[in-house]
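For reference, the structures are reproduced in the following blocks.
In the two assemblies presented below, subunit A is common to both, partnered first by subunit B and then by subunit C.
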Partner chain A sequence: MARWGMVIDLDKCFACQSCTVACRMENNTPVAGPDQASRGRAILWNEVLPFVEGEYPNVTMTFIPRPCQHCDNPPCIKVCPVKATYKNEEGIVLIDYDRCIGCRFCTVACPYQVRYFNWYRPEWPEALKEHLNPDPEVAPRPKGVVEKCTFCIQRLRKARQKAEAEGRPFNPTDYVPACVQTCTGHARYFGDLDDPDSLVSQLAASPRAFRLLEEMGTEPKVYYLKQG
Partner chain B sequence: MKTNKGLTLAYWVIVALMLVLGAIGLYWRLTFGHRLANYGQLIVWGLWVAMYIYFIGLSAGAFLISALVYAFGVERFRPIARLALFTALVSLLVALLHIWFDLGHMARFYEVYTRPNFLSMMAWMVWLYTGYFILLLVEFWFETRQDFVRWSKEPGLTGAISRLLTLGSKDLSASSRARDEKVVKVLGTIGVPLAVMFHGGVGALFGVVSARPAWHSGLFPLIFLVSALVSGGGLLTAIYALLAPNRGTAEYQSLVRDLGKLVLGLVLLDALFTFAEYSIALYGSIPGDVAPLLAAMTGPFWYVFWIGQVGLGVVVPVVLLGWNRTNRNPFWVGVAGLSVVFAFVGVRLNIVVPPLSVPELRGLVQAVPSARMTTLYVPGAMEWFLSIGIIGLGMGLYALGYNLLPVKPQAAKEA
Partner chain C sequence: MEKISRRDFIRIGATVTAAGAALAAASGTRSLLEKGGAPVVGRGGAMAAPPLDETWVKTTCALCPSGCGLVVRVVDGKAVKIEGNPLHPLNQGVCCLRGQAALEMLYSPERLPRPRLQTGERGNGDWREISWDEALALVADRLSALRAAGQAHTVVFLHGETRGQMRALINRFMTAYGSPNVISQDSLDEQAARLATFLTQGINGIPVYDLNNARYVMTFGGNLLEASRHVIGYLGALAFMRRGRPDRGKLVAVHPRLSLTGVKADEWVPIRPGTYGALALGLANVIVNSGLYDEDFVRDFTFGFDDFEDEAGNLHMGFKRLVLERYPLDRVESITGVPAADIARLAGEFATNRPAVAVMPTGPGGLASGNSLYTAMAVHALNALVGSIDVPGGVWVQRFPRLADWPDWTPDPVAEAGLAQERVDGAGSDALPLALSAYQNVADRVLPAPVGAAQVADEPYPVNALFLYNANPVYDAPNGSRFAEALRKVPFVVSFASTLDESAAHADLILPASTFLEVWGDDYIEGTGYAGVSLRRPVVEPVHDTRDPGDVLLSLAAMLGGPLADALPWRSYKELVEYRLSAIDVDRDKFEENGVWSEMVYFNAAPGSPAWGNVVGRDRLNAPKDGRFDLFSRELFAALAQGSSDDLDCLPHFDLPATVESGDAATYPFLLVTQTLITQPRSWEGILPTLQEAYGLQTNMKWSSWVEINPRAAEALGVKKGDLVWVESAVGRVQVPVRLYEGLWPNAVYMPPGQGHRTLVKWGRGSKANVVIGANPNRLLVAGTEPLDGVAAVSPTRVRIYKA
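Coming up: the complex of A and B.
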């Protein structure tokens, strides 16, 4: 069984945000108008965050793309009162939208702030509506539930189906989330962290590798490679 | 008598206005969901969660004070024991309504019963206060059963309600009263650990969240328990001191004094706990620990902390209950109780909101320099209106119960 993980090379990321856009198109995350955005209602499963350090004139800026960290020890799962959020056997943290009661305890418990509540029924401008991903697995989530990055789990299903249709065994490299596929700087890598020969597991062992808030013991499966 | 009538009328007018606002809030909530609420991505819990822990605290506190009588036999407080039980019931209802409206999917609350995750403090909390709710109802019934039987002969609404609430029981014998008392003692005793667990559990719900350093402290469940006792004690003291039917008697005077002493002790204990929590974190100077506390103390709502929490919550009651010119005067003791009751709304808001305004990922707020990562939370009209309506409903039910059920503070010999 694979343990899916991601590596993001911060030296290669130039913050073009195409991952953010690709994620949005792949996963049907709703857009927020100015009014709702100003109330903190924008849903961005994968955001590129510019972290600023220091004071002028000695300022450095680090761009950190932040998908769900898919922790091996996820604090969000422990606190969910109804087991609506769970980690599947391949290590991907998911949400059952039919079960979520919308208490937002997981949103509070996630130190990475990657979980988004649907404050209202998702809406798209007409032009965007035509481009929604028809895959039922990413059907727009109803209002009142929490949603977040799934490592594009629907692509795993499709990759497996494709391999089966082509009569060949499934290869872990068949499964590529939208942000990884679209990354213009080739800064993102994805694969099986348990396979010692996979590129991600080798990069995750690099001396440049670090994880966000590692001290919290959440064991994220998203690794970053330091700049410089 | 005249002023009493005027006050009663004013009370009902206020309740009616509150219910009207509540109806507007309810319409907005059901029509627009959470769209009109002002909590957002960073501060995902707001007024309703604060009100929930406020009223659940009042409930646990009032219950534990009733348990002094029913479980521990402290006869001193017998005259307010039933009122305490009834206060616990109504506050619990108000608390649960608040948290129910806060859910994204209100109709799915049953999932907590059908598929609970017992690793979640929230699931524990729901299960425990369900047990507590049932226990309260049963205990209240056994405690008041004989009065319902007696009152069922009365004409009008009192008689009708009492006939209904006897549930068919007619036994007025001394032996049945002895049985009732035994049941009440057993239930009151079981209720003590239950109340400690569920309200400590509410504290633990916050305490277990390691992503919020301001909550993540072993002291948190204990602070919740002490503050429940303070706010519940303050409310009962205010009601007894200002409304007891036997005002002016020596017995009333001395019970008010004792309630004042109880509240004073609890206020000081709570202040000590809060001081420990704040001072240790501030001394440690870890930015993530300090920031939420500074947000409460020096942020845009500094007055909720200094005027509400410290002023009304500690200074006013300590002066009024400590100074011997005022602590013998039931009016001022009642005012001290009310002061505590109001202050604790601020305490609860400061527990919920400032810690949520500081994300664990340092620099996140600066990284998203737009309104959507706002650290400022002011409840919106929908939140206020719905909350005011729920509180109005509670006040209405409370006043009805106070007048129609056998819960009025009694003189010791009657009880």
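Coming up: the complex of A and C.
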């Protein structure tokens, strides 16, 4: 079994947000619209966050793309009263929407703020429903449940099925999430952290590598590489 | 990096928890959606889902000039996901956010489903939907009546971005019809850069910068990573440039605002708006003065570095004397506001870290200060000084494939008479001899001058019909309200808009264009140097009863007959494209399968080999004239020689934009700069909701506009973050919220272009239909035109700001 992880090179990330949009198109997060967006309720599983520092003319800005960190020691799971959120055997943190009761303990417990609550039934202008991804894993979530990045779990399923149909063993490089595939700066890497030869485990061992809020002991499987 | 605390995440990222407190514990009840409401990521269940019957169709994007190869996932006849085509040499499998969001354009509820005719007063919004037959008959009747009356030249075709064969088709159609008035939007953005490349290198095109191999990149303008012509190639190349030390190259961004390009650059050089040219000449001064320039290149491959004598025996000033005498560092510092020590350091870095390239601004608004041609030439001259012309890591010339020749045809006397007429925009006239188009001029030439103002130039003749293709002048031209007036004066206006945009609202007839995902076509691969073609084809059945404007023009040509039918004998745009591409020597099946074809030999060629030399190297096939780079433009000298004895007209030089130091500085203290964001598609006037939700990344502003003000200036004005203010120029005002931003030249203010469209659709819960999203900064721009080249002179525009 693989232990899936991601590495994001902040030196190559140009904050174009292609990952953000690719994620929405792949995972059917709804159109928030001006009103909900102004209340901060736009659901974007993979937001890019801006941090501005300094005064003119010595201004710096850091952008951090923030998917679910898929912690090995995820605080969200510990607080879920109904065991709706869980980590699967490949290390991906998922939510069983059927079990979720919408208490949002997990949204509060998550130090990375990657969990989004469906205050309402997701809405699209009727015409836009045509382009929704028909994969069952990403059917629009109902009102009252929490949702977040799944490392595009449907893509893993499809990659396995494809390998099987082609009569060959599944290879970890067959599978990447939508954000990794589309990344314009080739800044995202994805693979098996347990395979010492994989690119992600090598990059995760780089002296430039760090993880967000590492001191909390959450053991995220998303690594970042410091800017040059 | 580790400094980021949990508090920051709460503040910046999500507000889910804050909102959650208000509603306390929500009830556990919930309704499943009717559509696909099955349990989803359950334990095991969904993982057993059978694979869907899906196809992946290759096509080519048209939302920005990059023209990336795409692969579209189609399930049940619906396009459901877009990825990049890995075989396309520019995007190499990646896809930017605009391409990703193209599905929202394809299925947009804002699209016009079929042709429509204005029934009442124009602009009132009384429309009647009509059939294509009726619509085409209306246009053909009108065109043939005008032609019969000897008024062919009074038909005007305004166009924006065109892809593949479309520009040639438009030109051919209008030439055969007998009108010189094909007016391109290029004069709002790229015309200066194209012309500068022509005047220095002899090639009319946007230079391609080989950033993959560059060690030092200095970009003038904030566009490189957001809205440059080959943006997707540059994003990949800069990522490659950052492949780790010691190979890591340096990127320097020169711009009044810390744009995304500046943020991701290694160094941001703030500069007074509109003064790039002076900085470039100051850098040249240091490089020449310190002898750091590439002596071999300058001696063997440039013209006009040293003073020289012309054939008539007159002595002319060379580039060297120009920069040494006229652009000493103290003067450049006082013009640009960049400290002399920084200029000297940057010049040293640029000249000693080769290959180095200086990138001229090309995107909308990048070069539009009234000095844009000479600014572009000054920036480009830096590349010649360090020998970065036609070398790896330097400036390349884009090659285009040789396609099948257009069939011969003979113009009839009507066409000949029409083509001999002056153009409506004045391009090519004595005042604008180098202009190919002067889009922004059209309104002023059609309308009488406003009360109290001098008439720019008299309208040569009344315009009787006007076509709009990928152009929305009421919105995108400076001071577009003048255009609305002008359109009302034209008796017959036809728009190819896909949505009811601001200009289409003033049309008589709208022939809605299909989106690029529904049509056949081709696209030249640009940004790689070598030639290539990417195919465009329908990925789904047309969603509405719309047509490709190429097909419409060919139908009209057939209906009009005569020289038009001879010049355009194809029944469909697809046939035309197939004919043109038939000259490419390639396995058709392979071409179809890959979606792209390119002369990739360069990629695998050994440096110095003939295949390599076709793209790189000074024995290149299409070198201009004697292959020399003109630091002193011989082309300009020939064009202006009559009566002009000033060498400055032929050399890159700097004039302060009239707006920067004009007398109304007391009334309008701020300089407005605009710059296209990466979240803004370039050829779609409707709302793409996901791009709106990603719109202002740096400001965390979604679905809106804003004005950025330096905090010190805001304090002096007494405005705070979030205050609603009026931004007012001499020609208009718009209301926007304030955003304080440290990354801004002290008296510059910034507004994002691309917003201010009215949407008829209710986007999301609690939102309203029929509202304007954000504000359009083009309404503030004072329309001016640069002498010689016809480029719009609008930036920076002087504005004042006061509380609403």
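Criterion: the second predicted complex is superposed on the first by the 223 of 228 C-alpha atoms of A that agree within 3 Å, B and C clash if a C-alpha of one lies under 4 Å from a C-alpha of the other, contacts with A are read in each partner's own complex, and residues count from 1 in each chain.
Note that in this section contacts are C-beta pairs under 8 Å (C-beta built on N, C-alpha and C of every residue); 3 or more make two chains touch, one makes a residue touch a chain.
Fair warning: this is a prediction, and the values are worked out from it, not measured in the lab.
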### Query
When the two structures are overlaid on chain A, which partner does A:Ser38 contact: first (subunit B), second (subunit C), both, or neither?
both
### Message
Applying the document's definition of touch, where does A:Val145 land relative to subunit B and subunit C: first, second, both, or neither?
### Response
both
### Message
Taking the superposition on A as described, I'd like to know which of subunit B and subunit C A:Leu94 touches: first, second, both or neither.
### Response
second
### Task
Could you look at A:Cys80 and tell me whether it touches subunit B, subunit C, both or neither (first, second, both, neither)?
first
### Task
Check the residue A:Leu199 against both partner chains and state whether it touches subunit B (first), subunit C (second), both, or neither.
neither
#### Entry: Per-residue touch tally on subunit A - higher for subunit B or for subunit C
C
### Task
Please indicate which partner A:Ala109 is in contact with in the superposed arrangement: first for subunit B, second for subunit C, both, or neither.
first
### Query
Which partner does A:Gln17 contact after superposing on A: first (subunit B), second (subunit C), both, neither?
second
### Query
When the two structures are overlaid on chain A, which partner does A:Leu49 contact: first (subunit B), second (subunit C), both, or neither?
both
### Summary
Note: overlapping subunit A surface for subunit B and subunit C spans 32, 36-42, 47, 49-52, 64, 101-104, 107-108, 111-113, 116-117, 119-121, 143-145, 212-213
### Query
Taking the complex as given, what residues does subunit A use to touch subunit B?
32, 36-42, 47, 49-53, 64, 75, 78-84, 99-105, 107-113, 116-121, 143-146, 212-213, 216
### Summary
Listed in rising order, the residues of subunit B that touch subunit A in the complex are 32-35, 37-45, 102-105, 108-109, 111-112, 115-117, 119-123, 126, 205, 208-212, 356, 359-361, 363-364, 366-368, 370-374
### Message
Using the touch definition from the top, list the residues of subunit A that touch subunit C in their complex.
### Response
9-12, 14-18, 20-22, 24-26, 30-42, 44, 47-52, 54-57, 59-64, 66, 86, 88, 94-98, 101-104, 107-108, 111-117, 119-123, 125-145, 150, 153-154, 157-158, 161-162, 165, 178, 181-187, 210, 212-214, 224, 226, 228
### Message
Which stretch or stretches of subunit C touch subunit A in the complex?
### Response
1-2, 4, 6, 8-10, 12-20, 23, 25-33, 35-43, 46-47, 49, 51-52, 75-76, 78-84, 91, 93-97, 100-101, 103-104, 106-109, 225-226, 232, 235-236, 238-240, 242, 245, 248, 258, 260, 263-264, 266, 268, 270, 543, 678-679, 689-694, 697-700, 702-704, 710-712, 741-744, 746, 761-767, 771, 773
